[in-house]
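The same chain A turns up in both complexes below, where it pairs with chain B and then with chain C.
== the complex of A and B ==
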């Protein structure tokens, strides 16, 4: 009887711990260096992509006028299907040549489990880049400087 | 010639861009208010200028483990982006001396974002921006053509800020505000054009290289944090990590420098290109973001643009309405009709004739006497003219006599002069007579008919000329008087409230009328009545008495207007028209005003005194023939007004009493007072008979010459002498 209670309690405790472990997350400083493109400020959205290549969570939105969100087509589809409150993780759009530093929060369990960070970008009346930058969420991937293909020159991450 | 060029450009540009300008100025005003509001929260710390960069950096590093960016905006509010000791994001205004958070930045509301989008690009993206850019450039041209028009109107740059002659509300304020708002509007338009064009990279190409290659000559120099004031900096980007390859980036007003985070050595220095600086300056000037007062001026200028659109179109419509429309040119026409008219009634008669001649298949041209030129195909010259004052030319005929001397016609032309006027004046049709005799001396001119005169716009008398001329030229013209009769439309009903009676000694009576609730008038305006329900119009000066219209009328034995009015009983209604007579309103600014009248001319003054709630110093000088019931009434009124301090002095002159005084004598007695009054910008208003006006002006002129060493005309030009005489 006692043993059962003991194991049950231990089990519950372990379960609780492991639950806490999954909920454990870390903050990262994320630096975005834009290339010297001409035009309006770019709207950039940072999303967490799972191993299947699907959107899982919006981590940061640079650009605060909702009117332009539909120009980030793929993310817009996801965000319309599963709307989440992004007001706390919304900042200003970034202009060509500028640097933007933001902090994003990633759950520790996502690291080294096939997840990726996707930076997609759009500029008024110009091309839309679904995959401007994609960073594999591995220890090495986070440490590296990731070059961009579109308006972003490179992205650097650093754990706080 | 140049005047019409500027006027047409000004108008055409305005018409073309009006819709856009309305949107831009409404949104611009809203944005200006927003810009001012942004200045209101006091996130600017005192002694901001004395805080150094080193001081701030030290205090920030002590308080925050991770700092990403510090920016200092145009309001000198310092924003910090960092992570605090508990791992929370910090984004707020700080006190740069203590690193304490003193406020949170407010994001632009959706409404302001919406307004900004509309203002910049009308929600049409690039196309919209292009359109906005073109229209702001048009605004530059409008401002320039407007400037040229003001110079034209004021007769030269030197008189740019001289007094503007007030014709009517829209005209006066269009010019007055135009002068004041010219500079802000030019700045708005030029900076707006620049900002729009910048989006199309018109200015970028040349400077591309400069931004790409940072100048490294400054290597080995260190950045002196201790002696750099925070006010010089616009943004500090903190090193991303502790790696010595990650630098501080300081953005100053004119350059961007990268600094080693340990040694403070300047790694690279990049001067901003002139385009960048220019675009910054344009933004400052266009948005007023750097200065609340400037933002306020910009807001006012935007509101002004709205007013200009309204008043500009009001002016255009007014001009169009009174413009003469011609089917045939002066060069090709056989019949030339020239008009000299003060208020448009002679023009009406001329137009009726013009229409009939053209309907007969002939070429005819109508013009103002001042536009007299050569008429190569002309066979008939018809001149319809009224007379102004005592035998002078009406305003649109003032240059005719000299034009006649310089423009000789090449062929023989038959002429006929028709004079319009009123027999109640001594120089009945004086100007028409002058023209008629002047034309006789020209060898090309042949008098077809003797001078015809038309008293009091009488259609019957006009028809007698029509018959004679028609007989001479074989052009059938209508001889029915009603064709030439014109009753104005939109007359207002007023009701008789009270009327005094005349006696053997006193022929003047006071009539009080109640105007419609919505009608706006003040003392000095004119009331037009149409006693016989035809062309004939009678004007009376209005005095505003307890909100009603008060007239002083002298009953003439066969007077059309006075008899009509005297036969009215309280409760009767009549059709009238109130004519705004702005040139004879009580001056708003003058500290001392003298009112001079004779006879019934006192009527508007009674109202002005009654309305003098501001207690302006008023001196009333009035002349009458003899003491009667009505002068007793005036004296009683004056006594009441003096008690209320609405009137300071009342001087009376009776020409038929024992000392035979006229108002001129009263003025002569107070010569010193008048001289000082005029010197101190006081205003003199004269109402009554024309002869009295001339006598008074003569006396005043002598006083001015003797005491002020100048002539009365100088004070007239400054608007210190206002007259309404008949």
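== the complex of A and C ==
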């Protein structure tokens, strides 16, 4: 009997927590502008990186053919160790010069707490950029236009 | 007259450009002659760049290795600037991959001595040593070179496979297998999915080898059937192999792999499998089983080069309109990767022509994805043959005749122009021109076809074509950029000094 109450209470608590979590996250429009690199469509993955510099969550994947995922080497290691269901946050790969406008969701508690957004990119037969763009999740970082170092020309975020 | 002069000047310029681009060091025919150092030097003196790469990232060194040019020639090329030992080539392979693949022990030793990374993974996760094993290289001196260079014999590869497991399928006399046993590996090794050396050997379907392994105490698991059905890249196994596995060894024909596939998922991808497919169907295998990505045997059959398996599966399958996790039906897959005949077969079986994928794209999107530029000469003997029927045109007509409105935008506002532009091919735009698509339609990201064209353009061909076809240059994006603004940001246009003033 006690066990049942305990379970029910824990259940209610978890429900409450997850409800709160969704209530406390915000959606951002993410405009990713590729530079005019030569080659096939780039695979880009957007990850949430914690203050220790570790992967915490996959926010978006551009490129839907799994066989290329290992070209995003560092993210691939993380995703192999902690696989998550990414089908809902997966879109098409992005051609040189093209742009992709997507919506990502970030918990408000991550803002101004040392977290970063990492844009990692790879193109078939070409160099891999573990750190094409990194955006500090600070009020100023989000407002800025962030220039890329690899296949990405720039990224712009705006809160919806 | 003036116009004619202009055209002929333009033509002359194109010829000059293509003459300049022709690098004999990137031609198979040059390497077929087993050229010596002098021949390569002569080509370089003529202006051929020894470190240039083709579009698929093959360079002179890779051609030289793969065509078994003399090692002096290869080493001379390696000394040229831009050909460092860890240079990334096709599929992100380094020269050591190709040297190992060809079993060129001398070159492997040379490259290792020069600092090649023996553990470098290509874009398929293959290292030089596993690339050699996959190619069936059996010379133990090759593997000595890697082990001497510090390769850990106990290292695990894709799916946790050991070197022994990767060696055994191409090793009917077990020389290489015994070599790895002497180095500390065991026939009892399994990968992380529990596949034994027997299972690995099932890929090449050598029954004598399988029996030897059995005698040595290596047991199969049901998954050996899946691996036998996959076969090797170019070959399929015979029905005797499958009968041996299911009847003599009592493996379960309805086995499902960790990816959720049955044997049918692989069998339907290969030509001439009717007898084997019927054999498994007679054993009660579930023809409608979807794998973990929602793909069924019918979908895999729809992308085949011949329609034999597709016709067979279609005659038995429950629902022709099942969709996978991406929302693709067998018809979507046939439109994108299959033949026009496959499209006809599916339409005849009442496949839904209005199918939408999870991004709400209709079959028009898949039609554009199916487009392949026509091979313009160059590609081996078939280049000279009469042009075959254009599969793109055939599929386009089939979709129209069956009532799909290809001029209509997708739910996200993209028209076929938006998709087609990404292929950067004038020929494709001309092919869809008769569809009368609104050339000035904006997609939900606020971009017209012209906006997209100027962003991705490598030259002004498509831009000019769109302007001539009625694209308006004064429409702005939702970020208030004009086509001119976007063109100014395009690095390729700037680098190639292509004027974009026509957009002003």
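The working rule: the second predicted complex is superposed on the first by the 138 of 160 C-alpha atoms of A that agree within 3 Å, B and C clash if a C-alpha of one lies under 4 Å from a C-alpha of the other, contacts with A are read in each partner's own complex, and residues count from 1 in each chain.
The working rule: a contact is a pair of C-beta atoms (placed from the backbone, for glycine too) under 8 Å apart; a residue touches a chain by one contact, two chains touch by 3 or more.
Fair warning: this is a prediction, and the values are worked out from it, not measured in the lab.
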Which of chain B and chain C A:101 touches, first, second, both or neither: both
Touched partner set for A:159, first chain B, second chain C, both or neither: neither
Which superposed partner A:82 touches (first chain B, second chain C, both, neither): neither
Partner chain(s) touched by A:127 [first = chain B, second = chain C, both, neither]: second
First (chain B), second (chain C), both or neither touched by A:149: neither
Which superposed partner A:113 touches (first chain B, second chain C, both, neither): neither
Which superposed partner A:71 touches (first chain B, second chain C, both, neither): second
Which of chain B and chain C A:29 touches, first, second, both or neither: first
Contact residues of chain A, present in both the chain B and the chain C interface: 31, 36, 38, 64, 67, 97, 99, 101, 124-125
Chain A - residues contacting chain B, complex: 27, 29, 31, 36, 38-39, 64-65, 67, 97, 99, 101-103, 124-125, 156, 158, 160
Chain B - residues contacting chain A, complex: 66, 68-69, 81, 83, 87, 89, 107-108, 113, 117, 125-126, 199, 201, 204, 211-212, 237, 240-241, 249
Interfacial residue positions of chain C with respect to chain A in the complex: 56-57, 88-92, 121, 123-125, 325-326, 359, 422, 445, 447, 452, 455-458, 479, 489-493
Chain C-facing residues of chain A, complex: 31, 33, 35-36, 38, 64, 67-68, 70-71, 87, 91, 95-99, 101, 124-127, 153
